[in-house]
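One structure is given below, encoded as C-alpha cells.
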Amino acid sequence: MPVLNDEVPDNDDFDANRHRGEFDNINPEDFMHNSGSGRGNPPGWLSPSELDRARREVPMAYIQIVPVRTDSMGRVSQVGTLLRVSEDGSIVERTLIAGRVLYHESLREAIARNIARDMGDLALPVLPQCLQPFTVAEFFPTPGVSPFYDERQHAIALCYVVPIAGDCKPQDETLDVEWVDPHGATVGALVDQMINGYGTIMRRALSWIG
Amino acid sequence: MPVLNDEVPDNDDFDANRHRGEFDNINPEDFMHNSGSGRGNPPGWLSPSELDRARREVPMAYIQIVPVRTDSMGRVSQVGTLLRVSEDGSIVERTLIAGRVLYHESLREAIARNIARDMGDLALPVLPQCLQPFTVAEFFPTPGVSPFYDERQHAIALCYVVPIAGDCKPQDETLDVEWVDPHGATVGALVDQMINGYGTIMRRALSWIG
Amino acid sequence: MPVLNDEVPDNDDFDANRHRGEFDNINPEDFMHNSGSGRGNPPGWLSPSELDRARREVPMAYIQIVPVRTDSMGRVSQVGTLLRVSEDGSIVERTLIAGRVLYHESLREAIARNIARDMGDLALPVLPQCLQPFTVAEFFPTPGVSPFYDERQHAIALCYVVPIAGDCKPQDETLDVEWVDPHGATVGALVDQMINGYGTIMRRALSWIG
Amino acid sequence: MPVLNDEVPDNDDFDANRHRGEFDNINPEDFMHNSGSGRGNPPGWLSPSELDRARREVPMAYIQIVPVRTDSMGRVSQVGTLLRVSEDGSIVERTLIAGRVLYHESLREAIARNIARDMGDLALPVLPQCLQPFTVAEFFPTPGVSPFYDERQHAIALCYVVPIAGDCKPQDETLDVEWVDPHGATVGALVDQMINGYGTIMRRALSWIG
C-alpha cells in the first residue's frame, strides 16, 4: 500500500549550477542567438514539419511584448508598435513583439531573445521583476472563438510591458518601430490598424499602465 | 511592394456563434468530459506516444489550481491540498489540482474540467473574472534549473486560486482533499510535504491572499 | 547606544480575539450600519466640519467597486453602473459604488458596507480573496492633474471588480442600477456618460476582465 | 426634476499644464524636498498637532517600498532592508522604505521622495510603469486586528518593489541599507527581525518576485 512520501526535498533551494544533463554544454546565448555554436541547432529548435505537427496537437506557449519608453518617474511616455512584412510578403502589418517559447527556454530568455530579434542587441530592455503577465491572450485557429485569432495554431500568450532603455535598430522582418504618446491623438488610429487581436492587447496595456 | 493593411477588422467584436470549422459539432462538454459522444476522442486528445513526442518538442501549457474555502467577507478560511497515488502507484503525493490545456480548449474550460476531474461535479468552483494568474510556474525536466521540476516535460503553468462553494467528492486518482486554516499551525508542515515545487506555488498563493 | 531590537515578535500570528482597547465593544456591524447601537456614532464617524478639515489636510482613502454579474464559467456577462442624484440635487449622474474608508475600518468592511448602502442587504457580493486592486485612481481637487477629479478632496481609490450574486435594491441616493453586456453595443455610450474619471475606471475594469 | 448629465467631458484628456489654483506656483521639487523655497512649508505639510489629530480621524495613505537590485535579465539578485534608529532613539529597527502620501502629492512623487530621503539622490530608482501595488497592508493602532500594527495610526500602505540602479547613501535617520540574496541562507533571519508586520510585507515581496 502506498505511503505518504514526505522525504523528497522541496525544489525550492534549487542550484542553477547543478548538472542539466543534455543541457550541460548549452548556455543561454545558444537560446538567445538561436544557434548551437557549431553543434547544429539548439535544443528547442524544430523543423518546419515538426513545428506544423506540434501546432495541430497542443497549445503553443507564446510571449508578447508591448515596448514602451518611460520617463524618470516611471511614467510611460511612448508606446511602440512594429511594422512587419506579412509571412507571404504581400502586406505590411502593425504588430507587437511576439514569439514562441522554445523547449527548455525560460520565459525571461524568450522575452530577451524576441526583443533582440526585433529591435537589435542595443535595445537594453528592462525586464520585469515578476513574471505575472498583465494579461493572457488565447489565440485560436478558429475565428470568433476569442478576440484573438491565429490561423496557424492555438497559442496561449503571456503579455508583458517592457521599457526599452537603449537604441532600437529594427531587425529581421521588422521594417520599423513606431513610437507614439499613449495619451496622444494618434494612438487610437494606430491601435485600430492592429489585426488579429493585437489591438486588444495594446488597449489592455494602455489601460494597465493607466 | 507591400502596403499597410488597415482594412482587416479587429477581432474584438468576435461572435461565439460563428462557425468553428471542425469544431462546429463539438461542444464544451466534449472537452469537459474528455469524450466525443460516439465520435471517438475529442479534438485535443493525443495518444500516449503523440503526447510523449510533443512533450519533448515544445513547452506544455498547464493550469494549476489552489482550491480554497472563503467566508462571507471573501477571506480565505481554508486552503485545500490533494492526496494522490503517484503515477507508478508506489507512493502517495500531496499536490494541487493541475492539468494540461488541451488543443482548442480555453483556459476557463481547462480550469473547470480539471476541478471537476479531481473534486467531482458538485464542487461549484467560483472561477476568476480575470485570467491573469497570481504566479507563473516554469517546470523543467532538468532538476535545479528553476524551483519547479517535472521529469516528463517542460511545462508553463498558469496558477489560480479558486474558491470551492460546493461539496468535494474526490475523483479519479485523487484519494482525498484536505482542508487547513491558512493561518493555522499545521499549514507549514503540509506545504513542506509538497514536492517538485508544488509547495512553492502554495506558499505564493498564501502570500497572495494575504 | 541603540542596539538592534530583534526580540519583538512579528505581528504575523495575530489573534483577532485579543483586546482592541476602545474598540473592544465595537463590532463590525457598527461599522457596517454606521450606527452605534445607542452608544452614539461609531469610531470613524466625523462631523461635517471635521471631515471638511481632514479633506484639506491629507489624502482620503477610498474604495471603488465595479459591480458585475458572472456566468458559471466566471465570465463577466454584465457590468453595472449607478444612477444617482448629485449632491446638490440638480442632476442625475452615472457613477460606480464608491466610499471613504472609515477610521479603523478594514478594506473588506468598507467594500461590504458601501455595496450594502447602494444595493441593499440582499446583493450577496462575492468579495475578492486578494485585496490587490486592479487599479489605483488618484483623484485631485485640481482639474487636469490626473484623469480623476474630485472638487472636495485628494482621494486615493483602490478599485475592485465585485460579482453580485443576489438581488439589487437601489438604496439611499442611488436611483437605479443599470446592467449592460460588457461586449455589447451600448457599453461605450454609458462609459462616456460617466464623469470625473469614473468612465476611465470602468474602461480599465473592462480591459482587466478581458 | 433632475436630468441625466452627460455633457460634462470625461477627465481623460487631462492636461498637466492647466491651472492648478493654489498649486500653480508649486512644482514637484517642493514636494520632493519637502521645502517651500522661501515660501514656507509646501502644501501637504502638517504641524505635529495637526498630524496627530488627522491620525485619530481618518486612515493615512502610505507607500512602502521593497528596494531590490536586479540583473540584466530582470531577476532580483538582492533585496534591501533599512536599519533605523527608532523614534524614541532607544533601539535600532530593521524596516523598509515607508512614508505618508502628502496632500496633493501623487503616488509617484511620494515613492520618489521617500526613496531619496532614505537612500539619497543618486539611488536612481526604476519606478513601476503601473501603480497596481503587489500587496496592500492595513496597519491598525490596535494589536491583533491585522498582521500590521502601528501604534500611531490606521494606515493603508500600497506596497511596491522598486529596483535601485544607482548608489545608496543612507540619509536622515537611516543608518544603513543591507542587501541580501533573496534565495540565500540569511534572508530568513533578516525577515524575522522585522517588526510590526514589515517582515510579512517582505515575505510577500519575495513570493511575488518568485
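To keep things simple, chains are lettered A, B, C and D as they appear, and every chain counts its residues starting from 1.
Here is the rule we go by: a contact is a pair of C-beta atoms (placed from the backbone, for glycine too) under 8 Å apart; a residue touches a chain by one contact, two chains touch by 3 or more.
Quick caveat: nothing in here was measured; it's all calculated off a predicted structure.
Within the contact network of the assembly, the step distance from chain A to chain D comes to 1. For the pair chain A and chain B, the distance between mean C-alpha positions equals 22 Å. Centres computed as Cα averages put chain A at a distance of 36 Å from chain C. The multi-chain contact residues of chain B, meaning those touching 2 or more other chains, are 131-132, 134-135, 147, 208, 210. The touch graph of the protein chains shown is complete. Contact residues on chain A toward chain C in their complex (touch as defined above): 135, 147, 203-204, 206-208, 210.
Against chain A, in their complex, chain D makes its touches with residues 13, 68, 70, 73-76, 108-109, 112, 126-132, 134, 161, 163, 183, 208-210. Residues 2-6, 8-12, 14-21, 23, 46, 50, 54, 56-61, 83, 85-86, 89-94, 100-107, 131-136, 138, 140-149, 154, 156, 158, 192-197, 199-200 of chain B touch chain A in their complex.
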